[in-house]
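In what comes next, chain A is part of two complexes: it sits with chain B in the first one and with chain C in the second one.
Let's look at the complex of A and B:
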């Protein structure tokens, strides 16, 4: 019998290979609600060659391999369902190039959002990328792999839409360039004018290959930024308010929050949005324009802007926002998971009603953040419930609430985002059979031995 | 249930109706004022109820102490008129609800009230507060609730205020030094107007500081400064404290610049007005006020109310003037430093 551990230490420095129970324990779980399952080995490669060699070994021995970034996707996507090798990407964290004129950053497979943000702030303060509100150790690649959304999503679409090139180690071990970098020295497009192969790797939750490099688009970072807060107590008005603001083409990010605590949130929907400008005049113009865009709600007394004092503004302007993380610990014990369908924004009111109903039914704290995507083409609506990890009963109730929320969302126009295994199953059940067949063929073609993050998108 | 004590006879005898004719926002001649005010008193519809910006000033303009503003609020609520959008009112109602979270220090019979304003945690220290520094109450449980006058919520005041007063009494407090002007207005004007009993002695912090400065006479160095004073809405309910402020300024060698928008003609900070009536009016008021402050070339712009500070201090600083709270000005006079400063809020990107 071959000794996988020794083989792995011949590829990667032994300090970065482990089969120690205490490490396997940690790598066998995430902060969410999916049951734990431990890997047999954890490896931290630092080069693409090392990744290749590990994948070849896994392929030869038909061992599962699960790539992991910050492990913050919360839905069990990095829990190794079939054991095997957990590939922790954290050491591949270089920022290889900032192409200022081409407006993109070329990074490695484990570079974090926090690192890219501080690098830009320090060296290219006029440029920015779309940062999500997850803790800053979330990785840029994994976030795109799961079609994450960030601060520029309202204007520019999913974070995966802002990718402009990949380098991937295929499940069979070949290194492959995706996009213009396959032909040119420049990483300016992930597809066009070539056939767009990048979609073979986004939304697949690490089941089709390991991304070792990625180029992400950078956008102008205006000198000034401000936040505005509009409240309404009528959920049915929220979609039109979102649309009206989006259609001004003046706002950056837009998030609608619904939660009963702290008390100041109770009874209202908090529509938070950002404006940017290179001068105070530009900002003031946008402020006023947005005010007047919502004037009819204000006049009818159905909605109003809150005057934000400086201490209220500072946390709202911080990126990523710390509020979600804070909410994650409301029940103490640090348990947090949300079910986040991507859905038509017209569903806001019915979703929020369901969110509240489920909180009552399962006796849980709830919160929801709905982020507008691409000017209103869709939204991510999170059904979030907190739980104490030390309290099995609450965890069970939270899982039941999320399962019910997912079923409800799927029956009401939504499509699950970063779905956990149960959500993947119900999604597959609902899927057009020909689409499912196409996915099956693609998966078989790319990963004939089914080694990549098995259990997920189990369409074979 | 508590009801507003209001003498309609006084209004019947009143010739010039100054409460309405002096209003800075609703322009009325005496005849119309009389007619419209009568409608208000009779519980009929009057455009006054919709147009009111809730600046509190009519209470000060009434020479007979008849509290016309409380009458307006009472009528607004009865008629379901919303001075601000409903969600804004809901937010205020919820965020100040007493939920059993509060801070009390090492209380003595005399204590400071921080109301529900964290600013005082920074301000109330040093020589001027030596004996009372730790004898303080803070939180929703001690929040004076007068803000609901802006939101046509007299019923909430009637429901919550007696409980707040009871919370203070239960702490064994006999003398309450109100650091928030509005608390003093609540205990000496609003509560009596509704027949709500106040079983402790409220002291305005201006009067407290006057006593302290007199006691520290040897340590007080006259500042020789000229200041523009930002007079806030709640002073309209207790205009007598203006005299205390003049005495206080006198004690520390500060000249209160004569300017257009001070005293009875003061302009409020306008942020409540922004949420109620929109940005144009609020911006116009703030511009007029700031222009006027600037025109007297003050060494400092002095704030009494922390809410005015939050609304205007940054804008004052942006115009090259220096904002300071009254307490800090007094602290300068006894050789201490300004404690409440503008946080440098960098927009993190």
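Let's look at the complex of A and C:
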């Protein structure tokens, strides 16, 4: 019998290979609600050659491989459903190049959002990337793999839309460049003018290859940033307000929050949006413009601006927002998870009603953040519920609420984002059979032995 | 039930605690060294909870994961949750459960046995105190300060300059001081951090009874670890007294010991490494800097990670002896001296005998001896003549 552990330690420094119960335990679960399942090995590669050698070994022995970044997608996407090798990518964390004139950063497959943000701020303060509000350990690659959304998503689309090139180790072990870097020394586009192959790796949840390098677009970082807050108690007005603000083309990010506590939040919808400028004059112009844009709601007594003192602004302006993470401890239970459909913004009011209904039905504490995507083409609406890790009952109830939310969202125009296994199943059930067939063929072609993150998108 | 048992499930494993404030590097020394999530704060807390629930059995590896935590409190600074101030207490409480069950890793066992048998973790008898400490005046009633040396300064040769120059500075400052001599016993800070609460209490009681007997009103410690336990625990044990870290005395008496920077250190930039037990544990960030800056001519440069974001040398919680984080280019002390060298500083100033030993060794391993000298604050000042 072949000794996989020894083979792995002949590829990667033995300090970074483990088959001990402690590592298997930790890498067998994520902070969300999907059941645990442990890998047999945890490995931390440092180079693309090491990744290749591991993939070849896994192929030969038909062992599962699951790539992992920060493990914060919360929906069990990095729980190794079929055991095998868990690849913690975070040792591949170099920022290889900042191409200032080409406005992109070339990074490795385990570089964190925190590290990229910090590097830019220190060395290229005039440039920024689209940072999500996930904790800073989330990797830039994994976030794009699941079509994450960041602080520039309102203006520029999904974070995966802001990718401009990949290097991937295919499930069969070849290293493959995707985008202009396949032909040129420059990583300026993930597809155009070539056939765009990048979509073979986004939305697939690590089932089609391991991304070892990625280029992401950088955008101007204006000198000043401010946040504004508009409040309404009429959920049905929220989509129009979002759209009106989006169409000013003056706002950076827009998130609508709904939650029952603190009490002043109950029954209100908080529309937070950000403006940026290179001078106070520019900022003031935008402030006024946004103010005028929403004036009609104020006149009809349907809403109004909330003035924010500096202490309130500081946490709202920080990136990522620690407040988002704090939600996990509001009921002192250490857990929350969200079902996050990507949906038409016109669905805001019905989704929020469902969110509240489910919270009552399952006796849970809720919150929702709806981030506008690409000027209003869609939104990510989170049905978020907390649970107590020490209380199996709350965990069960939260999972039931999330399952119901997902069913509801799918029946009401939404498509599940970073879907867990159950959500993948219901998505597949609803999917156009020809689309499903195409996905099946692609998966088979790329991963003939079915070793990549098996269990996920298992369309057969 | 210990408090941690009812609270530890609250960790979300979000990983904020892996970073400093600006996310520029990993700042949990154990995570930086080992890089498996098991060695991060969140991983450690989840493993403790799993052990409590019986999902992970005790093993030497599990215990080592717990003891690679240097109790540096970076996680306490960075965790966004309300429970953040308690994190290190939870880890220590879990260790205390292991201690109570006799389930501790080999090096920790040796450390504790040595303190138990010898009154210090270095297996030395009082007679083996270093010669230059033996020569120091003994404390007698009426002396202004009791100078508490601590185990490393009493028995580790590498701290010689530190001891000698501290004493010199105190002389120059014109204060009177004396030591406990052979009667000094381990302060108990590390023993406490390792979860041996009972032994720590006994050590504290022993030292306090000596303080009482001699009528000590003020103590100067050389070691931030001693400063910490005296300031935060001895004080609650029925005999109040003033505790100062020597850097506070240097800063207070800067005028009396004032230097124009000359000699060996002239023209060299100095960077200061905040010891965890002075900085994050006790919020003394500016005083040690003032102790150097008060002397005309020093150019103080900061490492990117400083003050509340300082990167631990890897020595806390007894690791300056147990050294669970050694053996790699990613060992915290080696990372830290590389960071210090990158500032262009010629001197890495420290305020803790543990950091001094760890970082001196790392400078050698990293072949940085030509570029970087590690010295404690008093030595930096002494050499500026």
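Operating definition for what follows: the second predicted complex is superposed on the first by the 460 of 460 C-alpha atoms of A that agree within 3 Å, B and C clash if a C-alpha of one lies under 4 Å from a C-alpha of the other, contacts with A are read in each partner's own complex, and residues count from 1 in each chain.
We take it that a contact is a pair of C-beta atoms (placed from the backbone, for glycine too) under 8 Å apart; a residue touches a chain by one contact, two chains touch by 3 or more.
Predicted, not measured: the structure shown is a model, and the values here were computed from it.
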**Prompt:** chain B versus chain C on the shared chain A, clash or fit?
**Reply:** fit
**Message:** In the overlaid three-chain picture, which partner chain does A:325 touch, first (chain B) or second (chain C), both, or neither?
**Reply:** second
**Request:** Could you say whether A:263 touches chain B, chain C, both of them, or neither, answering first, second, both or neither?
**Result:** first
**Prompt:** Taking CA centres, what is the chain B/chain A/chain C angle in steps of 10 degrees?
**Reply:** 70
**Request:** Tell me which partner A:173 touches in the superposition: chain B (first), chain C (second), both or neither.
**Result:** neither
**Asked** Now for A:83: first (chain B), second (chain C), both, or neither, which partner does it touch?
**Response** neither
**Message:** Looking at A:20, would you say it contacts chain B, chain C, both, or neither? Reply first, second, both or neither.
**Reply:** second
**Message:** Just checking: does A:302 make contact with chain B only, chain C only, both, or neither of them? Give me first, second, both or neither.
**Reply:** first
**Message:** Once chain A of both complexes is superposed, is A:450 in touch with chain B (first), chain C (second), both, or neither?
**Reply:** neither
**Message:** Once chain A of both complexes is superposed, is A:121 in touch with chain B (first), chain C (second), both, or neither?
**Reply:** both
**Asked** Which of the two partners, first being chain B and second being chain C, lies in contact with A:233: first, second, both, or neither?
**Response** first
**Request:** Taking the superposition as given, tell me the minimum C-alpha spacing from chain B to chain C, whole angstrom.
**Result:** 10
**Message:** After overlaying the two complexes on chain A, where does the chain B footprint on chain A coincide with the chain C footprint?
**Reply:** 121
**Request:** Can you check the complex and tell me which residues of chain A touch chain B?
**Result:** 121, 125, 128, 221, 224-226, 231-233, 262-268, 287-288, 291, 295, 297-298, 301-307, 309-311, 313-314, 317-319
**Contact footprint of chain A on chain C as seen in their complex** = 6, 9-16, 18-19, 22-25, 34-38, 43, 46-47, 49-50, 55-57, 59, 61-62, 65, 80-83, 328
**Request:** Could you please specify the touching residues of chain B with respect to chain A in the complex?
**Result:** 82, 84-88, 90-91, 94-95, 97, 99, 271, 274-275, 278-279, 310-311, 314, 342-343, 345, 347-349
**Prompt:** Residues of chain A touching chain C in their complex?
**Reply:** 15-16, 18, 20-23, 25-27, 30-31, 42, 44, 70-72, 88, 90-91, 112, 114-115, 117-119, 121-122, 135-137, 322-323, 325-326, 328-329, 332-336, 388-390
